[in-house]
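Heads up, the next two complexes both have subunit A, just with different partners, subunit B and then subunit C.
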Partner chain A sequence: MRERFGTSALARFAGSHEGRLLAVTLAVVAGLSVATTGFLTVQNLFDLLTSYAFLGILAAGLLVVLVAGGIDISFTATASVAQYLALSLANAYGLGWTTTFALAVAAGVACGLVNAWLVDTLRVSSIIVTIATLNIFYGLLVFVTGGQYIYALPDWFSAGIFWFETVDAEGVSYGLNLQILLLVAAFALTWLLLNRTTIGRQIYALGGNRDAARRLGFSTRRLTFFVYGYMGLMAGLASLAQAQLAQSVAPTVLVGRELDVLAAVVLGGASLTGGVGSVLGTVLGLVLLAAIQSGLVIVGVSSYWSQLCVGLVILLSVSSTALTLRRRAGRVSA
Partner chain B sequence: MNRRELIAGLGAGVAAGVFGLPRFAGAQAAKEMVTVVKIAGIPWFNAVEKGIKKGGGDFGVNASMVGPANVDPAQQVKLLEDLIAKKVSVIGLVPLDVKVCEPVLKRAQAAGIPVITHEGPEQEGRTWNVELIDSVKFGEVQMQRLARDMNEEGEYVAYVGTLTTPLHNKWADAAIAYQKQHYPKMKLAADRFPGADEIDTSYRTTLDVIKAHPNLKGILGFGSNGPIGAGNAVREKRLARKIAVVGTVLPSQAKPLIMDGTIREGFLWNPTEAGYAMVAVAKLVLDGKEIKDGVDIPGLGRAAVDVGGRQIKVDKIMQINKDTVDGLISQGL
Partner chain C sequence: MAAFLELQRISKRFGGVRALCDVDLALEAGEVHCLVGENGSGKSTLIKIIAGVQPPEPGGRIVLAGEERTRLTPAESTRLGVQVIYQDLSLFPNLSVAENIAIGLHLGRPRSVDWRAIRTAAEAAMARIGVALDPDVKVETLSIADRQLVAICRAMAAEARLVIMDEPTASLTRHEVDALLDLVRELKRRDICVVFVSHRLDEVMEVAERVTVLRDGRKVGTYEAAEMDDHRLALLMTGKEFRYDLKDVDVSEQPVALAVEGLTRTGDYEEVSFTLRRGEILGITGLLGSGRTELALSLFGMNPPDAGTIRVKGREVTLRSNRAAIEAGIAYVSEDRLTLGLVLEQPIAANLVVTILDRLAGPLGLIRRADREAAVTGWIRDLGIKVSNPANPVRTLSGGNQQRVVLAKWMATRPRILILDSPTVGVDISAKDGIYEIVKRLAAEGVAIIMISDEIPEVLYHCHRVLVMRAGRLTGAFRPRDTSEAALRVAVNA
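Up next, the complex of A and B:
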C-alpha cells in the first residue's frame, strides 16, 4: 500500500492537498480577523459570497472539464452570449424567471456542445479549440449586438431575490440573494455529480486514462458532450448571477476573466492533465483567493502591492503541494 | 471625347498629382483617414465612430475607424502596420499603450503619414494630439464637485481603470493634488484602486473599502464603469446619503444612479465630438494650414494650441446630472 495504512481518515485528510489548502486558508482568515475588525463578520461573508458567485459557479463547471482531462477557455464568451440572449429576449417579450433561466442555460449548453463536437471530431487539444471558439462566440456576439450594453433590465430581475433579510446594527441589510443561491446550487450539483453518480466516476476514469476508459466500454464521445455541456450550463447560470449583480449586460466585460477561474480551480488541486480534482478543493481555492483579495483591501495594503501578494500566495500554496508530492514520490521509489 | 480634351484632362490629372492640390483631392483619389481605437464594438467607440463618419462627410475625407476585438496593445500595432502598408493619407489613433505604439508611429512619420492622436498627450511619434478636455482641469472639476458634496471634509477614495492607464491616472493625480492644496480637511483614505473598467470589480472594491474605512464620505471614479459599480454597492448598502459618488460615466448607463441621487454628478467629454475633432484636425494638416494658438477648429470653435508640445485642446467638459441626462441620452450617448 502506498499510503500509511491504518492512519485515521483525519490524518489522511491533513496530508492531502485539500487539507493543506484548508490550513493555509484558515491561517489567512485568522490573520485577517486579528488584523481587522471588518473581515470575519457575517456581513462580509455574505458580501464575499455575492461578489465571488460568478467566478465560483464557473469554477464548478471548469472543475468537471479539468477532471475529464479537457480544458475550456471559452466559458466567459459563452456566458456573455447566454446573458445577452436571455435578457434581451426577456426585455422584448416580457418573460419571467423560468423562461429567462431556461434560455440562458440553453444558450450555454448549446455553446458547450459546439465545443464538445469540435473537440471530439477534430481530436485537437481542447485548449486550442476553446481559444478558437472563445473568439468565435465573442466575435459573433459583438458583431450581432454592435457592442450595445443593456442597461434597462426587467424590473423583477433588477429587484432580484432577497430571502431571510436581516438588518445589522448600522441599518445595512443582507440576506440570501440570487448569487448565493446559484453558487450553493452549482457546488452542490457538481459534488453530487462527481461523487454520487456513475457518470461522475466515468469522468474521473476518462481524465485519468482515456484509453483504459474506452476499453472499459465507456462512451468517451458521450462523456465529452456531457462535460462541455455541463460547463455551458454553469456558464449560463453564472451569467445571470453576474448580470443581476452588475444590473446591466455588457457584452465586453466578461471575456478576460478566464484565468481568474482557472487559477481558483488549479489552486484547489485540480490537475491540468485530468483525473484529479475535488469540489472541496475548488471551494477552498476560491475562498483563499477571495480572502486574500478582499482582505488586502480591508487591511489597507496599497493596491500597488495587491497583485503581487495574490501571486505570491498562489505560488506558495502550489509549491508546497508540489514539494510534498515529490518527497512522497522519492519515498516510494527508495 | 476628342484627342484635345483627352490631353487636357490628362494634363489636369498630372498637375493635380504633381502639386497635390487639395481642391482636387475630392475628385481624385479621396484622402483616406483610418483611426485605430482602443477596442471595437463598445458604445463609447461606436459614438466616436459616428463623429468620425460625420467629419469625413463634412470635410470630404474618406474617414473610417478600426479597433482590436479586445484591449490589446499588440493588436493595435498590427493594425497600424497594416495602415502604413496601405499608405493611407492620415492615421488616427487612440492609444492603449504609448510605449508600445511609439516605434510603429515613427515608421508612419518616416513614410510621410501624419498621425493624429486622441487621449494620447504623451504619445511620441504623433503629429498632433487632440483633447476635448484639459486633463488637469478635468480632474480638478470632479474634485471640486466631490468636495462640495463632502462639505470639504472627510475621507475619500479614488478608482482608476488600471494603475497604468495614462489619462485616468493623470486625472487622479490632478484631483488629489487639487484636494491637498484646497481642501486640507479632506483625506485620501487609501492609494487609488484599479478596476474601474469593470462594474463587478469596482462593486467588490467598494464593499471592501466601506468596511476598511467606516468614515468614508466620498468616492471619485475615473473609468466609466467605476462610478457604476461603486454606486451599485453604495445603493445596496443604503449609504447613498452618507457617501457621495462622483466620476466619469456614460449618460445612458448612469441614468438610474443619477436619478436616485447615488451618483451626485458625472463628467465626460462628448465622444462623437472627439471623433469629429480628429478628422477636423487631420483636414487642417492635409490642407497644410498653420495650426497655432486660437486656431478655429471647424465645427468645434477656438482651440488652445501648444505648438511645441503638439497639443490641441478644445474645452468641452460635459456635465451629467438630473437636468442634463435625458438630453444627452437622446443624442445617443
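Up next, the complex of A and C:
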C-alpha cells in the first residue's frame, strides 16, 4: 500500500540530512587527504579535536536549545564570565580541579537561567533576549575586569592532563587531553539526554509543537529553564577547555565566535524553528567545518577564502535541505 | 446503561460574558454523541470543562466514571479516561508515529526512556482499533487522515473511555470520513463513548445516536439523531428559519460571459466545455481529485491548459498568469482562505485593498489615505463584515467574516467572472447564509459566478445550474429543480 512502509533503516539514513552530510564530509576529508600529506595524520586529527573542542562543546549545548525551539547567542559571553570567575578565584584561593570546575559550571548555569527566566517571563523571542544578555554579560565582565588578561594560572591547570600517552616512531606523543575528554563527554552526555531520557524527548516535543506539549502536561517553563541551564553548563565546560588550551584567560577573545558554533549546528541539520536536530548531525557539521577551515589552511589557501568557503557550504547545505523538503511537499500535494 | 459522564447546572463566565449557562449533559458508555452549535455557542467551553482545562462556576456538579466533583483538573480528567482530540490534532510532526502515540509515557518525573515499551504501547494501541501505520515514520510525512488516526491511537494508548473529537471531518475527503466513521463504530463496540463536535452533520449523523444542540451558551436540547435532519438542526442551532431556494432566474437571454471549449490539461482534466452567462451561478461539484480545483486554477491563469480555448465575452484569451486573468475580469477565491486568501497578521483594511493598490495609487505611486479608507469602509458596509476596527489583524475575525474579507478583496477588482472554490468550508450556518446572500446579490448585479463545492446541498440550493465533474471530465449537467440531492450524489460518486 505504501512503499515507504518497507524502507530499511539504512535507506532512511541515506536519505536523511545526516546521511547526505556524512557523504559530503567523507568526500571533503578524502579530497584533502589526497591533496595534502599533512591532513590525514594522527597528529593532525588530535590537533583538530583539541582546537575544535571549544566550539564542539558549545555546539552540543546549542543543539539542545535549538531542538527545544529556542536559540542562544549569549553563550560566548557566558563562557567568558565563567572562565574569568572560576580561574581568578582558583588563583586567589588556591582551588583545585573540582571546585574550579564547579565554579565555572555554576557561573555558566546561572547565566543560562537568567536567559531562561527572561525568555519565559517576557515571552520575547529568544534571539532578541540573548543578544541583549550577550551584551550585558560581556559588558559587565569587561567593566569589572577592565579587559585584563590573566596569564598566571594555577600550575595544575597549566599542566593539564594527558592520559594514555603514546609516542610514535617520530617521537611525537599523543594522549587524551582535557579538551578531547570534555568534547567527548559533552557529546555523549547530550546524546544520552536527547535520546535516552524523558526530558530529552520532552524537549523534542516542545520544539515540535509547543501548544500540544503544554496540553499534554509537559511543563514548558521547567523545560525552558533546563535547556538554557544546559547551554550554560556547556559554556562553563567549554570555557575551561579553551583557557587550558590558550594557557590564559582573555575576557575579550571568545565573544564573536558564537556564529561559528551556530554554523556547525545548523550545518548539522538542526532547524531554527525547533524540534529537529541530532548529535550525530552536529558532530558531522563540526567535522565538516573543521575539515574545510583547517584543510584549506594546510593546502595553503588564505584564511579569508576559507571563511568564504564556509559561507558557501552553509548556503549549499541549507538550500539542499530546503529543496528536498519542497520536493517532498510537492509530491504530497500532487 | 449508567451514564459515564453526567454534568449538571454547568455555567461559565468570562468577564461579563456568559459562555455557558446551566447546561446539563449525560453521556453513556459506548454512545456516539454529537455536540453541535454555532461558533460562540459554548461548545469549546463545555469541552474545556470536561477536559479540566477550565473550572466551571460553583454550583454545578460533575460525575465522571462514578466520581463526583465540582471541577476537574487536566490530570484527573485524563486519569478518569477523558481524551480530547483537538482540531489541530496536537501531534508532534517531528516525532515518529510510535512516539506520538505513546507520548504519555514521557510524562512524570524525569527518567530514562524505554523505547521498547513505547513501541509496544503504540503497536498495541494501533492493533486494538485496527490501524496499520509504520510506527517509525515521522508524523510530518503523513496525510491529514493518517495523522488523525495517530491522534485516535494516542487516545487509545491513554486508555480513553470518552473521546471527544473537535471537528474531525473538516479536512477529510469523503472516503477518509468513511474510514473514520468505521473506526468510531469500532470504538463504540469497545464501549468507548465518542463525542463529535461538528459543523458538518450529514456525515456524523450516520453513526451518532444522540445530538445535543447548544445556542448562546444554553442547551437547546438533546435529540435522537434518527429524528433529525439538516433543516431542523439548522433551525435549532440558529433559532432562525433558513429557506434554501433560489428563484429560478432565466439567464438564457443574457450574453455569454465565459465560454470554455475542449479545455484539456493532461493529468488534470480533459475536454471540458461549458458556457457561463452574465448573472448566472454555475455550480461545479465532484470528489476531491476530480479536477475541479485544477480547472478553476486554469481559468485563473495559474495552471495553463494544454489544449482548448477560453473566451471571455466572446474574445479568445490566453491566461498565462493570474495577472492576465485579473485583467480579463476573472477573480478567484481560494479553497483554503487561511493559507492562500489572506495575510492573517495584517490589518483587515490592508487585506481588503491589496488587490487594487494599483488603482488607488496616485502620482508617484503613493496611496492617499482618504481613498484607501473610503474603499475599505465601502466594502465593509457592502458585504456586512462585522468589524470593530479595520486596523485589527484579520486573524481576529470569525471564519465567516474572514471569508467575506476575501470576497470583498476580489470584488474590489470589479470582476465580471467570479470563481468561488469551496466558499463555505469551516464556516457555520449563519455565516454560510450570509455568504450565499452575497453571492446571490452579486449575481443579480450581473457578475457571472462559478461555485465549486463538494457539498451537494450547497450547489443544489444555491446555483442555477450544476455540472458534475468526475475523473477530469464533465459528466453531467443538472438543473436544480429537475434533480435531487440523492440523484446528484449518485452522479458524483458513480
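Following the convention adopted for this analysis, the second predicted complex is superposed on the first by the 327 of 334 C-alpha atoms of A that agree within 3 Å, B and C clash if a C-alpha of one lies under 4 Å from a C-alpha of the other, contacts with A are read in each partner's own complex, and residues count from 1 in each chain.
One rule holds for everything that comes next: contacts are C-beta pairs under 8 Å (C-beta built on N, C-alpha and C of every residue); 3 or more make two chains touch, one makes a residue touch a chain.
Since this is a predicted model, take the numbers as computed values, not measurements.
By the touch criterion defined above, A:Gly300 reaches subunit B but does not reach subunit C. In the superposed model, A:Gln202 lies in contact with subunit C only, and not with subunit B. In the superposed model, A:Ile150 makes contact with neither subunit B nor subunit C. Looking at the shared chain after the overlay, A:Gly275 reaches subunit C, while subunit B stays out of its contact range.
Set side by side, subunit B and subunit C differ in how many residues of subunit A they touch, and the one touching more is B. In the overlay built on the shared chain, the residue A:Gly256 is in contact with subunit B alone; subunit C does not reach it.
Contact with subunit B, but none with subunit C, is seen for A:Thr36 once the two complexes are overlaid on the shared chain.
Touch criterion met: A:Leu216 reaches subunit C, while subunit B stays clear of it. Subunit A uses no single residue to touch subunit B in one structure and subunit C in the other. The touching residues of subunit A, when paired with subunit B in their complex, are 36, 38-39, 43-44, 47, 51, 54, 135, 138-139, 142-143, 146-149, 151, 171-173, 242, 245-248, 250-253, 255-256, 293-294, 297-300, 302-304.
The touching residues of subunit B, when paired with subunit A in their complex, are 39-43, 46, 69-71, 163, 190-194, 197-200, 203-205, 207-209, 211-212, 214, 225, 228-229, 232, 237-239, 252-253, 255-256.
Residues 74-75, 78, 86, 88, 90-95, 99, 103-108, 110-113, 134, 136-137, 141, 143 of subunit C touch subunit A in their complex.
Within the complex formed with subunit C, the residues of subunit A that make contact are 2, 4-5, 9, 12, 195-202, 204-205, 207-209, 211-213, 215-218, 275-276, 328, 332.
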